[in-house]
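See the structures that follow.
Consider the two complexes below, in which chain A is the common component and chain B and chain C are the respective partners.
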Partner chain A sequence: MSDLQPGQLAPELLATAAALVLLLLAVSRRRPQLVMLPVGLGSIALGAWMVLGGAVVPGAVVGLLGVAAPLLPVLLPGRPTLQQAWGGGLALAGALVLTGWQLAVALGDGGALGVTGWRGSIAVDGLAGFTRITVYLSALLVIPMGYGYLQERRINRAEVEPLILLAAVGMALLGAANDLVTIVVALEVLSFALYVLAGLARRDRRSQESSLKYFVSGAVASAVLLYGMALLYLATGSLELPAIGAALGSVLVPAALVAVALVLVAVGVAFKVALAPFHLWAPDVYQGAPTSVTALMAAATKAAAFALLLRMALVAFPALGDVWAPALAVLAAASMLYGAVAALVQADLKRILAYSSVTHAGYAAIGVVARSTDGLGATMTYLLTYAVGSLAAFGVVIAVERRRRGEVTLATIRGLGRTSPLLAGILALALLSLAGIPLTAGFVGKLEVFRAGVAAGWTWLVVIGVLSSVVAAGFYLRIAGVMFLEEAPDAAPATGDADEDGDDEDARLPVLSTGLSAATALSAALVLVVGLQPALLLELAAQASVLVR
Partner chain B sequence: MGETIAFLVFAGIALGAAVAVVAMRNLVHAALMLVIHLLAVAGLYLGLESQFLAVIQVLVYAGAIVVLFLFVIMLLGVDRDDLLVAQGRRAVAGAVAVGLVLAGALTFAFVGPYTGEASVCGSDVAPTGTEQSCAGIAPVLDADDDAGVAFLGRRLFTRYTLAFELSAVLLTVATIGAVVLARRRDLSPEDEDLPTGEVTA
Partner chain C sequence: MDAMLPVLILGLIAVGFAAGSIAVSNLVGPKRLNPTKLGAYESGNEPLADVPGTRFSVKFYLVAMLFLVFDVEAVFVYPWAVVLRELGWAGLWQMVAFVGILGVAFVYEIGRGGLEWD
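For the complex of A and B:
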């Protein structure tokens, strides 16, 4: 048993503390310095103490955030929601830096990757680190993306940023959790936060529907998963994943019990990652939730849930690989095909992206099915590339939606290439990345999972993956065609918007704000950078393909 | 001896209250009978030296869950007793059949192994097949209060510190969520209604 080392949870501690400070800031309404000054001074003192104690990077991060805290109300007077957004963004940037620091220390000389921490509750390994990168990066991009959008829908409340931060903490801990108890609690933290975020727009029926459906299906999935875990504990007598894996390797465990446990856990996790046929909640939930929340769900939640899948599959159930791998392969194949075909007939852009996320869950699962170190690295890479690609796509959807105040359908974006070429270009780039066209991030990820799949002998699955990519490219190209080849409609289209009074030239132009453009442009830039220079990411993934077993 | 008396008393209350839950015509009374039933079961747990389980039974079942029941009943309307009337003979027969099957399955699976001769405490008969022999309370108590509160507490604050602390985060999230959902109407963003001068003061 190792000691309790705060350094192993540095990003989570920072994000949690920031969430609490932001809540206090929200409560303190007219006297923000009452909160921010003590917090800032305390953080500076803590940071200085840490730097003197030898922890230079985390100390510097804490100290800098401490300097930033009292400055926020000074620099942004009278804009509490903007202060919240900046605070949340800075905290997430700090968490990202701390994650990088953790990985650098662990991969450097004398570092340890693949150990457990906090008395076995968490794993300090590559999967945890990579999930943290994906999650914090996604959350960091989602906050500026959603700021103006939520503001206009009048749902940008003080609770938004704390909830996003705490959801990110839950996701990051889910990626690191090494025993069943921590897994369940982390899963619930992120789920609760997302249920509420999905239902933020309380006047919008679709948002309520989204929240309720997500809650009910999520609760059922959690219950099934919990039942499976209880049986797993009954069969193996341990809550720690490595110990469970070792126990399942022996012949002494009751087979029937383990079989039921495996099925229940698999179904529960498949619900969470939205693999077909357990994806039915995804389209409605993605469509109804506020778009920035949808982006967070697609990019970050997927990564966290896949981290859970990878860890359960490779650490807890490696001994039963011959049993679950074919089953998971069938699920992956079904997801890839069904998602691609179903997306073809959708008209709503958010629904299309939801079905595309089902497809992508299928691709990412190929790396799990491969049951190899390469497969692990490939899935982690894939999730990161999917996250940046889908974030860029959702950023453009937000920009279009802000003007339209309603659904974003194919008809809405007709002629977007003429009216705002840059935005249409970014959406096209994101879609190319999601389709897996070379020179984009998506290609890198897809190539990696396919390579790992072939290497592990799952050729038929990879063939289905390629076929599904071709079908998927169809609907991605259809969107691009609608944007660039079709003329923009002359008058405001008659889809029932009461908001547009005259001025139809202006009505077609999407609304951009600084945060939205910066975040969307950054996502698009990441898509390009990873696509053109994949070596760095692949090297990191290869080095970080370490699991605590 | 005292143990047996306690068992009989609590078992009697539990059974009586359980029947009353089904028989009561007023839904609120039925829910309150459920509280009595659950408290009696908690008493049975205490008789088995499972203090933790007994406390949890009171807190979670008799406390939280029944309160939830009462909330739902109040929301639906207390005086609507038409919900309680069984619809026709077929429904009654079905309910009885399901009840019998459930009782049979529980008896077979849980009570069955403890009905043979070997299950009588103090007997020297060797257990055969699935039959369980009597362990008695004493060895369980001797074995380092294995299911006791002290053991659970020690584990909670040593091995499972992280999960314990993380559940605080979970409760925070749930509280924020309740506040968000319970607010009567969406407020407009606060940015406009704060004059610039007051904030920096």
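For the complex of A and C:
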């Protein structure tokens, strides 16, 4: 039992505990201190014990959260949803600190990156750490972004934050999972939480559709993946990915069985990351889900699913690289081209971003196809840059959606550059980043991925990537053009009746909540900082490009 | 295989006995049917319709899920109880954590009114 080191899963344990506490808080009715006081005192005691035991940083995090727990109902009396939001946000911030602590310890003197823990089920490596950063950062930004929005749509139930926390735990665990059972458990934890979150607006047909489609297609994908994993276990006799990888390298494994397993696993994972022929669920799900949930799906789920893809491809199936790499390259090319072309004819902003996420899955897959350490670092970097870029974009979509009360289409944002230049500017920045224009985060990620692809000899794939970038830049710039070059519909003399004038007055008012503004501004700032100072991120990615094999 | 043979035989006997009893009582038993006998037993309600696709209240699913939670818990607890002595204190604490998490789910369900029928 001594090899079950809690420190290796510290962020997940913290976030899970916080989710449970928030669930209890949700049902505590008028006496929140009945829950928060014991939890707080217990956490302070646990934190003190950990600090005395030598684990200073995690102890301090636990202790501080313990102090914060009873203060929440005191500082925010009578506002249960705000208490939940702050609780979830603080827990995610704590998880982020613990992730940084983990990475600092592992990269520092005497630390070990690239070991396994929890009897081989958990990988302590760069991929796990990077996925944690992306996932917890995205979830942390999504909570304040979504708070006011969900409140206005009257769907801000107390379960939102616990579910976001649990989804983040599943995603982070998926990044660290090193055996098939842990992978399945992590995948289901994140999927179930997201199914519920997608259907949060129960009265909204689109939200119902989104939830149901996500559930059915996700369940099918899970079943296919599970079948492939069962065959993989049958063929190799092991559940741990490194052992599977070693076994597949030998000639004793039945080839037909492995081939079927590879196909099934590949299809299941491609479904989860929404690569081209398996992406059909993405636009409807993204469009129907509440926008903050969509942001979480786009930014964090993509990173987690790609962590699964990377680990499966590079740890379990490296021996079959010559088989899956061309196939994955074709999928990547199809995603890049199809996503870019399909997005051109969409009018709904959330659908455009959904198709753009399909395109971006294709770009990120180039780093996987490269099958190199550089490719690993490039994909991890790409996912983080995509996450901040898409979060900034979705933040603006939420803002516009709150103002205009309805779906955000190209017509809705016409002339946004005149009525609210700041919002339009942030959206333009996010779109430039998604298009991969220099001086933004997206450029850094795209450059890294393309460089890794060329270095590994996949020039044709990179050429297709560049071509698709040009097409994609078309629809990104179209949005920017609609915002800045066209007049706002209210300002046009032909359409201006009294009712719309009233809306116009309203539209000029910045009705944004502090949380939304702060989170969106922070995402946009991250886009700029990473774009202008990529060295820090690239250094981290280079150091963290370590996989347990 | 040899070791399991008695179990197989016992299983066959059990199934055979059940099937045989039903068959014999159906074949041999006297049948004097009248409307009262065919009606619902004691104070049971007359069934109004048995249309295929009858709608159930969603509450039944809630109860079923609650049952599943405790069912799965029992599935875990039984083998755990058998080897508890070998697992020692670590095993005990792991089960405490597991049951604790389930307990939170249960408290949440009660708090949300999952056990109130109307």
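Everything that follows uses one rule, which is that the second predicted complex is superposed on the first by the 528 of 549 C-alpha atoms of A that agree within 3 Å, B and C clash if a C-alpha of one lies under 4 Å from a C-alpha of the other, contacts with A are read in each partner's own complex, and residues count from 1 in each chain.
As a working rule, a residue touches a chain if its C-beta (ideal position, glycine included) is under 8 Å from a C-beta of that chain, and two chains touch if they have at least 3 such contacts.
Please read all numbers here as calculations on a predicted model, not as lab measurements.
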Contacts of A:I44 with chain B and chain C, given as first, second, both or neither: neither
First, second, both or neither for A:A303, with chain B first and chain C second: neither
Residue contacts on chain A - larger count, chain B or chain C: B
Which superposed partner A:N156 touches (first chain B, second chain C, both, neither): first
Touched partner set for A:L23, first chain B, second chain C, both or neither: both
Shared chain A contacts, counted only where both chain B and chain C touch the same residue: 1, 4, 20, 23, 29
Sites on chain A touched by chain C in the complex: 1, 4, 20, 23-24, 26-29
Interfacial residue positions of chain A with respect to chain B in the complex: 1, 4, 9, 16, 19-20, 23, 29-32, 73-74, 77-82, 118-122, 151, 154-159, 162-163, 166-167, 169-170, 173, 179, 181-182, 185-186, 188-189, 192-193, 195-196, 199-200, 202-203
In the complex, chain B residues that touch chain A: 158-163, 166-167, 169-170, 172-174, 176-177, 179-181, 186-191, 194-196, 198-201
Residue ranges of chain C in contact with chain A within the complex: 88, 90-91, 101, 104-105, 107-108, 110-112
